[in-house]
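The structures come next, written out as structure tokens.
What follows is chain A paired twice: with chain B in the first complex and chain C in the second.
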Partner chain A sequence: MLPVILKRLAATIPVLFVVAVVIFSVLRLTPGDPAAIVAGDGATVQQIEAIRHHMGLDRPIPVQFVTWISDVLRGDFGTSLISGLPVKDMIVDRMGPTIAITLYTVIYTLLISIPVGILAAWRRGKAIDRLVTAGSVLGFSVPVFITAYLLIFLFSMGLGWLPVQGYKPLSDGVWNHLRHLILPVASLSTIYIALMTRFVRTSIIDTLGEDYIRTAHAKGLNEREVLVRHALGNAAVPILTIIGITVTMLIGGVVVTESVFNIPGLGRLVVEAILAKDFTIIQALIVLFSVVDIFVNLVIDVLYRVVDPRIDS
Partner chain B sequence: MLRSHDVLKFAGGAALSLSLTMGFGVGARAETTITAVMQAPLRSLDPVITTAYVIRNYGYMIYDTLLSVDAKGEIKPQMLEKWEVSADGKTYTFTLRDGLKWHDGKPVTAADCIASIKRWASQDKMGQVMQSLTTATEKVDDKTFKMTFSTATNIVLRALSKPSSLAAFMMPERVANTSPAEAITESIGSGPFKFVASEYKPGVQAVFVKNQDYVPRAEAPSGMAGGRVVKVDKVRWVAMPDAMTGVNALKNGEIDFIEQAPYDLLPLMKSDSNIQLIASKAQGGQPVMRLNHLLPPFNNKLVRQAAVAAIDQKAIMQADIGDPAYYSTCAALFGCGTTYASTAGADDLVKADPDKAKALLKEAKYDDTPVMIMHPTDFANAGGSFVPVIAQQLRQGGFKVQVQAMDWQTVVTRRAVQKPVAEGGWNIFTTYLSLADISDPLSNYTVAANGTKAWFGWPTSPKIEELRQKFATSADAGELKTIANEVQKLAMDDVVVVPLGEFSVVAAARTSLKGILDAPVPVFWNIEKTGN
Partner chain C sequence: MAGTSPSTEPILSVRDLRVVTASRSNPRTVVEAVTFDVMPGETLCIVGESGSGKSVTAFSVMGLLPPDALRIAGGAVTLEGRNLAEVRYGEILALRATTMSMVFQEPMTALNPVQRIGEQIGEVIRIHRDTPAAERRRMVLKMLAEVDLPDPERIYAAYPHELSGGQRQRIVIAMALILEPKLLIADEPTTALDVTTQKQILHLMRELKTRHNTAVIFITHDFGVVSEIADRILVMKDGMVVEHGTREQILTNPVAAYTRKLVASVPNLHPPGREAARNAAILQVRNMSKTYGRASLFGKTAGVAALSAIDLDVHRDEVVGIVGESGSGKSTLARCIIGLVDGWQGEVRLGGEALAPNSRQRSNAIKQRIQIVFQDPYRSLNPRRVVSASLMEGLRNFGMGEREALAKVSEVLAIVGLERDVLRRYPHQFSGGQRQRLCLARAIVMEPEILIADEAVSALDVTVQAQVLDLLDDIKRRTGVAILFITHDLRVAAQISDKIVVMQKGRIVEQGTPHQVIGAPQQDYTRELIGSAPGAGWDFKNFRAFDTAPG
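Then we have the complex of A and B:
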């Protein structure tokens, strides 16, 4: 196992370098000037030039790249072009909400979708299966902001049980933390539950047709054991794949949920940075997302080998 | 069976028990915090480097100004005890009032003010004019400094008291010595609030606490002048990326104030007895259309005049604001109802006359060169909502029009490009200015007509520049009005800028907030919060 991990880690270096080159180049080629943004509406061309010079944006692009990459290699992601604060601090500050919302969404999604998917597969073609399939189509089709507004309308504005917006860290109390995340997680997970349920259902249906399932039935095992131990166990690899995809999609893709519920996470930070052309933040975040993506894939690869030792051989 | 009101009763009881246990409500006074959603999130902290309104508003929280303007437009002392003018009108002696302290506890000195004025004047358009007339700025003693000008003028009073664009905020000397091209990141002022740097999250929240050492003036607040008495412990500015969420949060009592409520969501709040809507003309704005004088076809005055004849303010403002209660047409470059309001030379500005536009284009021998309008689709008030209307009106007036959709930040970058359209230039862009920024020929930077040194669009009119210089040096109220009227006439004739109307800003607040001032800038002094 260790050689596999080391090999995969070594392969990340060229990937990250390519990501760094591409993102740096793309940002410089797209329209937008952070100096003009800092200067505001009333600035003259001369004032903008002075700010651009101070930011070092008038230097040749290769020089800017070498400076940036050598700083990154020393662990220095620079300072935000707009706020002047260290990029590292700004990212760390925004990580908590994104990690919380991602973690809870994945847990909630798995808790719902795996049993429901198994149930639908077990009752294939029956009313419950049709209901689950219809629910999945609905869950997958309704945009997350519609679900979010409906939940806010019902649970915040109507019943007054939960807050409309905001985020509280765990240090503000467990319940205070959770009550601010119930609606965001419920809205966001709707799509993932729909996706995962369908996937689990299909995977289980595939394995239920295998010879070893027939053998398990012939041995007299009960339905629960057949479904959970044999069918689900063998369907785990594709399910793990979809979990991995879900996690990587969630890390940077929660921007709509973060915006509707006013949660200051990384998704919002990247959008704000793009709109403000805050190059240093965008570069750091894209590199970070790439690292997370690679790490999640690595973990999934390792888990493949745990659930299915045949992969190693 | 547990019913919802049982649950609520239980929750209410539990909350009451908890609050009693924690000591709230029994003797201890709860901290009063105003949670406000400003028109944009705060992302940088230098009110001298940028004209962004949210940073100006931040400036008024933590900094103070030497002078300010009251509700009647009169200049009043703020940090100053007094000022004296020499008999020849060329020298002003300013004396600071007692008790002024920076947030780090050090006293405010004349040297701090001299450094602050120097940095501010290098950035601000009116400050630059003032600086060009300044022959000496000297410290007399720790509380007194003197400014001498080459001619008799009161521009120093007008410049240091103007509330917007770049307001002349005073900073400690070591901070003010920062290069004007470098944004300051420190937040040490002498104003009524202190900035809590440890709770600052750019783009998310900014927190201010009452400056206990601040000594407000004794006069009642009026406009930006008078006593800046803080009546709450803390003010929290939170960013709210989704407008609907902001309204829901206000209705739910999670926030107290929205600086600029979206016009289309006002009906949702009108019926809520816990919410007050406050329309403010003083904080309102003037949308403008800017033509690029450097490029064809708008390097031809007749074509520019044809564009003015083609547009119709009412249709544009309807698309921009929607509710006629909050907008009006206005042909005055310096704002309707202001000291220098004039409609001279603006006969074609308010109503469209497509036939006249076509006739002017014919006279100008317009060759169907397409005019490219930048359309900031993500910024409604800057043109997102009304650029398509302008485009259609121009087409009806005989123009060939090409609309390019882009985000506002791309507009901000591209409008600085002086090259042809094919090389990244432009013909028309739109934006809006706060009415506080446009009230006279000096503070209204859109009328500057000094070519490539002027604001984007780069009009050239030596006569307008001459009049602006005269406006800077004159101190006679009648003469100032005459000059402003003449500038309006020339600017309209040369189509230096095209005002598109006026709108009021509507703030939404919980009724628990009392004493919200109608000033040109949203300020948080004088506001009390009672209950929720």
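Then we have the complex of A and C:
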């Protein structure tokens, strides 16, 4: 297994390099001058020019890229163009809420969708299956922000059970931490639960049509044993794939959720940085997201090999 | 009932079985009035062509009919005196693998790919007996040895994909027999296997059956296999029993017209007398080699030699039968010749002219001279196009006018025995045999000099197969086309070929007239193939056993 992991890690280097080049160039090609934004409305041309020089923005783009990438390799993501704070610190500060939302969403999604998907597959064609199907369609038809505002309206403003917005770290107490995240996680999960449930159901139904399932029946196993001992293991590979995709897609969903619930996480940081044209932060965040994405895929790849012996290590 | 051992009660008795499709509004009858008994230790063969209901009958006994597709609508299935219709579902489950077991057709997919072999076989014991784990393991290892698998310890820990098809079928058999059931139902258990493997599996099943006095229901379409293992035979057609009797009765003196036709259609290993045509060689293959390599990021890894140093001549008006098991390279040879696979070394000459390796580099005139028909007629025709479009496409492609092409296609339809009105229809409106006729028509309308038939009759029922073989012979006589007939079935090759070429692992092992190759084989491998051909001792066409060796 270890050689596979190392080989995969080696293969990510060119990917990351391409990501870095693309991010860097795209940001430079978009209109808007960060020096002008920093300088403010009343600045003279000379002042802007000075700021630009100070920030290194007047140097040729390839030179800027090389400087940046070598700093990044040394763990230095530079300082924010706007606030002047080290980017690394800003990211570390904002990481907690995002990790919490993502992690809870993944766990919650899997806890709900896998059993429900299995149930629907087992009782396919029956009332419960049709109910699950209807729920799924509804779930992925409604956008995150609508679900979020509906939940806020109901549980925060109506019933007053949960806070409308904000975030409390784990150090402020477990319950206090969790109650601030219940609505964000619930609204963000809806779409993924819908998607995953459908997918789990389909994978298991496909698996139940395989020849070895018939063999299992011929052995005298009952329905439950056939499902648990033969169908689930085989349905795991396609389900893992979709879990991988879900986790990487979550990052996009986090941006919206954090904005709606006013949570100071990385998603909000991205939005703020983009609006401010704060290149160094955007660059660092996109590289970070890419690394996370690649890491998730690596984990999924390793898990494939654990669940399916046919994928050789 | 004649031919059965007296005095004992039947293990299984099926009375007036009726199976219908699950559709509530309009159920269609799939199996009707099927009645038979199986005595302890005897082998009953249920024989029939596709759609005869033989597998449905077997699945009905096991209670394994797909519930959303088929259901038992009448009759009684009695196992050891208990009517299964009156037995609770849980008890049916308890009977499976302990009293009645099943072996399936496709060993490649019959095992759970993510579970170790030992676990899968051990599971049968675990769910039916309170056997401690260590004892279970001992039983499984003993059973693995009993089905003649080498190194049971290794197999025990292996996953299915690490084993060959023959080995996997031995596993399925081990799984079915480990609790010594009284009845074994085998649904075409050797159909997906090579003949040499088939022979071993049949031998194994016979041996185990005798050792454990197991009754066997053996479902097959192959009378060759039937002639080797059956005690009694049940012939089915369209869901009904056509005839029922001992092996000798059915093979030597079938009464029903359908049975006579079915038995007489079975090809045997004795080649008919043929005039060896000695025309000029039209196709010459010289020193052809093909290696499949896997290109990876780090350059080419060691490849697999699919063909090595093939020399082959095909003459005008000649049928060359290329025989080999899976992996012998016979289909690769056909694909290299026609240029569907390139990257081969060596030379192919057509009428003296060297051909480019890839069909894309060949002129239309060259392409037109070599045509091919594939194994599966169901997937060889575009389902969305009417037959006339498919049949005329080649001609139109090479620049012929529509009216002329249509006239030509109509002419060829007469040769393949189809009416003109088929032209307006779609492929799904035809049977397998008719589709293969259409595929043949599509090929010969191009007036090729070489027709490659790649397992062109293998997917067909035996009666249809016989018709298509006659048709090929007829086409050859009418048009003088040379036919390269690729098959895994030595019996079929013996019937149609002027020359037989035996291939193994990418090499030509032996070639000669059918009489030479089958009557006086020079190579061990050829002898093994001949020895493995099921039903070699029967002259099916004349309803008698041969008194001489084939050839």
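Keep this in mind: the second predicted complex is superposed on the first by the 309 of 313 C-alpha atoms of A that agree within 3 Å, B and C clash if a C-alpha of one lies under 4 Å from a C-alpha of the other, contacts with A are read in each partner's own complex, and residues count from 1 in each chain.
Everything below uses one rule, namely that a residue touches a chain if its C-beta (ideal position, glycine included) is under 8 Å from a C-beta of that chain, and two chains touch if they have at least 3 such contacts.
All values reported here derive from a predicted model rather than from experimental measurement.
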Put the two structures on top of each other at chain A: do chain B and chain C fit, or clash? fit
In the superposed arrangement, does A:308 touch chain B (first), chain C (second), both or neither? second
With both complexes overlaid on chain A, does A:120 touch chain B (first), chain C (second), both or neither? neither
As a test of reading the superposition: which chain, chain B or chain C, is in touch with more residues of chain A? B
Classify the contacts of A:188 with the two partner chains as first (chain B alone), second (chain C alone), both, or neither. neither
Considering only touches as defined above, state whether A:230 meets chain B (first), chain C (second), both or neither. second
In the overlay, answer first, second, both or neither for which of chain B and chain C A:37 touches. first
First (chain B), second (chain C), both or neither: which does A:288 touch? neither
So, A:53: does it touch chain B (first), chain C (second), both, or neither? first
Between chain B and chain C, whom does A:217 touch in the aligned arrangement: first, second, both, or neither? second
Superposed on chain A, how close does chain B come to chain C by Cα atoms? Whole Å, please. 41
Across the two complexes, find the residues of chain A that touch chain B and also touch chain C. none
Can you list the chain A residues touching chain C in their complex? 125, 210-212, 214-222, 225, 229-230, 233-234, 236, 307-310
Touching residues (chain side chain B, partner chain A) in the complex: 4, 8, 41, 43-45, 49-52, 55, 123, 125, 165-166, 179-183, 185, 201-205, 238-242, 244-245, 248-249, 251-252, 254, 378, 406-407, 409-410, 412-414, 416, 418, 424, 431, 433, 437, 445, 452-456
Hey, which residues of chain A end up touching chain B in the complex? 31-33, 36-48, 50-51, 53-54, 80, 82-85, 90, 93-94, 149, 152, 156-157, 159-160, 163-166, 258-262, 264, 268-269, 272, 275-277
For a test of understanding, state which residues of chain C touch chain A in their complex under the given definition. 62, 64, 68, 90, 93-98, 101-102, 104, 106, 109-115, 123-124, 127-128, 159, 161, 172, 175-176
